[in-house]
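Think of it as A, B, C and D in the order they're written, each chain with its own count starting at 1.
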Amino acid sequence: MINKVVKTLAEAVAGVRDGATVLCSGFGAVGEPVELLNALRETGVRDLVCVANNAGTGDEGLAGLIAAGRVRKIICSFPRTTDPHCFEAAYKAGKIELELVPQGTLSERMRAGAAGVGGFFIKTSAGTKLGLGKETREIDGELYVLETPIRGDIALCRADRADRWGNLTYRKSARNFNPVMAMAAALTAVQVREVVELGKIDPEGVVTPGIFVDRVVVT
Amino acid sequence: MKPLTRRQMAWRAAQDIQDGAYVNLGIGLPTMVSDFIPGDREIVFHSENGILGMGPAPKPGEEDKDLINAGKGLTTIVPGGAFFHHNDAFLMIRGGHLDLALLGAFEVSETGDLANWTTEDPNFAPGVGGAMDLAVGAREVRVLVEHTTKEGKPRIRKRCGYPLTAPRCVKRIYTNLAVLDVTRDGVVVREMVEGLDLTGLQKVTEAKLTLANDWKKIEAPAV
Amino acid sequence: MINKVVKTLAEAVAGVRDGATVLCSGFGAVGEPVELLNALRETGVRDLVCVANNAGTGDEGLAGLIAAGRVRKIICSFPRTTDPHCFEAAYKAGKIELELVPQGTLSERMRAGAAGVGGFFIKTSAGTKLGLGKETREIDGELYVLETPIRGDIALCRADRADRWGNLTYRKSARNFNPVMAMAAALTAVQVREVVELGKIDPEGVVTPGIFVDRVVVT
Amino acid sequence: MKPLTRRQMAWRAAQDIQDGAYVNLGIGLPTMVSDFIPGDREIVFHSENGILGMGPAPKPGEEDKDLINAGKGLTTIVPGGAFFHHNDAFLMIRGGHLDLALLGAFEVSETGDLANWTTEDPNFAPGVGGAMDLAVGAREVRVLVEHTTKEGKPRIRKRCGYPLTAPRCVKRIYTNLAVLDVTRDGVVVREMVEGLDLTGLQKVTEAKLTLANDWKKIEAPAV
């Protein structure tokens, strides 16, 4: 029998190694799996590469992980969102490396990682400072850059409902990076508001099919 | 000579948005444009974080913390709207599905280069967000910006001094002084505020300006 | 006011020129916009390049377009599906060109066309006859081929419900190629079972947002 | 020596599918495998046309023309299933999200090359469908095939004669005579039907076979 529901946050994040790449969902604090990120911090894991849109808000979740010195590098599009003081302190102290990636490129690179795409050409960042050093190609008279896939060792996501197969639905704009990150990691852990009986989620309305999900925990 | 207020700038930009357009409004001043859409037009606003049909800010008591805009302020969704994930949101942007992106800027060059993501201030980590995606992807990119910096330096330049967001992407610029088009023949002045002439406008503009034959005064109401 | 609903099939397919690339949705006959394809045939348009998973079933829809000699070339993954006699007759008579593309590659090439991706590397077809002539690249020790985007001049799709903004939902496995084709054409026409009032489709349950849709017709 | 029936071949392949696996069954004989999954295992079947949790064929009166499988036969969906579009269906395949693809074949080479999409019959237009995607994308590819052609020609060969679906992808082969693994050291016989020995099996196999030390008889029930 398939049952992806685990009892504790600790079980949900178990097994992450030092140096791991962690996909951290959310747009600002919306859709951020704060409790999973807190649980990851409690495991003591370090030297993490975190992939996220922002770089943490307030003191919990991704911000807390950064404040605790566990994040070696952050790959994100916009580090300074609402109340980014944990990131800013680490950045000014030279304790965190920043790889800045345009938001759509960040998302597309993870989708490529999820979809068996080994690289892809897009126009975003061509002819700009963020395009420096990238392989370029002229396609139909326009300049494109080659982008490479991103895959996580673990993705930490947040959803609204789940069933024991790991099918997920989201709530409004809290969907954001969750579906793409859930697809793009070797292991995907999701915190949800509630677990419903198998079959209660309309098969037409499943947003993330359970095939992408490994562990579900109710918070 | 009376420059437009920020609200009047937003009003002016709003007048050019066609009925039925799919539009992304940048963070800051461009966001204000949605308040001035003529009432007979139905515009679908897009947000990078997975919304089409974004509505006005919520009324007190109707706030939903899971419903925010790209600037991370609370927002609403109108009937006919849809939620989707970030990847689809940027497929729409990069794939040329938006009719218009109306963005802020630090500088625009006379060839339409846009600089709106970083001033390279060493005190702050840079952030790019969706700026580059919007600049390369929207079918038309327009900019809404004060004509000069607070210190009076021109923002419409021969070449941008700040790092580019994308080269050759801006088609139209709305400032507090004028409406300007970036054309193959350079920057053309379509409209100016009352009491300003080309010489006066050129003084606060680094790019070489040409006056359109059919140029006119901006008639902005006191919004 | 936005109203994408047109009254007739003829209006829905109006303006297609000779030589156009037509994305024809469906998997076999399921999800195939048969009536739109019939209407396209009635316009008299010719020299079409049709992109589809199959090459028509029976005598209607895509099969009818082929039988009428309107399709110069078909780009598909599996031409011989249930009752493919129209295609087979044209093929044996040398009257239709066939470009065979693996099913996932076909879908991904259209997604690239929709997403501003100028080209992408995948493993599918590397080292096979269908990979011959493609640019290759070794990525992490494995061979990839470069694939190029496909865009249609028009996409013909079939959905279950629509509203006047063109938001769409589908029914079960009739979803298939419809969402990706709807995104990948300059003009998208959709035949639907019913048009509902704006706001009646749950914004969480919209599968194809109206931004991708130009014309809706009830059949 | 008694070869397995087609139903027994499907039964044998089914026994190796782990509880909780996400599996795509190829058109034809592999489709039959779903009938023989041990009752205590929950397997999620994937279909290229956008289904996870595909169930058995519908009972009379419960057919739905909008619910078909990759072979275009009517099917059903089980509780926990999901519908999605073709692009997501192939993202799952190509991105390595399926635990297993169990496919038919014309030929398999001793290095695991698979040929299952065309015999280059000049009388028919070729078709490839999702065969290449499955062969390169699934985490494990297994093949279910008669050991020889009707004419007695071996299907497990040194090199495939027919055009490849993908090189070096097959890990295990179930035939009506044996269960064989494609390893770095060549093709290893894990199981054979009663009354067959390596010499007998080698006679109908072009690839060089090695017998596993712990090989055993296939004990297939009369299904």
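Throughout what follows, contacts are C-beta pairs under 8 Å (C-beta built on N, C-alpha and C of every residue); 3 or more make two chains touch, one makes a residue touch a chain.
None of the values given here were measured: they were computed from a predicted structure.
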| item | value |
| --- | --- |
| C-D compared against B-C, more contacting pairs | C-D |
| Cα-centroid distance, chain C relative to chain D, in whole angstrom | 30 |
| Cα-centroid distance, chain A relative to chain C, in whole angstrom | 32 |
| Inter-centroid spacing, chain D versus chain A (mean Cα positions, whole Å) | 35 |
| Contacts with two or more other chains, residues of chain D listed in rising order | 77, 83-84, 90, 94, 136-137 |
| Where chain A touches two or more other chains, by residue | 108, 111, 115-117, 122-124, 170-172, 203-204 |
| Chain pairs that touch, as defined at the top of this document | A-B, A-C, A-D, B-C, C-D |
| List of chain C residues in touch with chain D within their complex | 27-28, 30-31, 53, 55, 77-82, 87-88, 91, 98, 100-105, 107-108, 110-111, 122-130, 170-180, 207 |
| In the complex, chain B residues that touch chain C | 19-20, 22, 42, 44, 46, 52-53, 77, 79-84, 88, 90-92, 94-98, 136-137 |
| Chain C-touching residues of chain A, taken from the complex the two chains share | 108, 112, 115-124, 137, 139-140, 142, 144, 169-172, 203-205 |
| Parts of chain A lying in touch with chain D, wherever the complex brings them together | 1-2, 111, 113-117, 163-165, 167, 183, 198-199, 203-204, 206, 209-212 |
| Complex contact set, residues of chain D against chain C | 47-51, 64-68, 72, 77, 83-87, 89-90, 93-94, 124-133, 136-137, 163-167 |
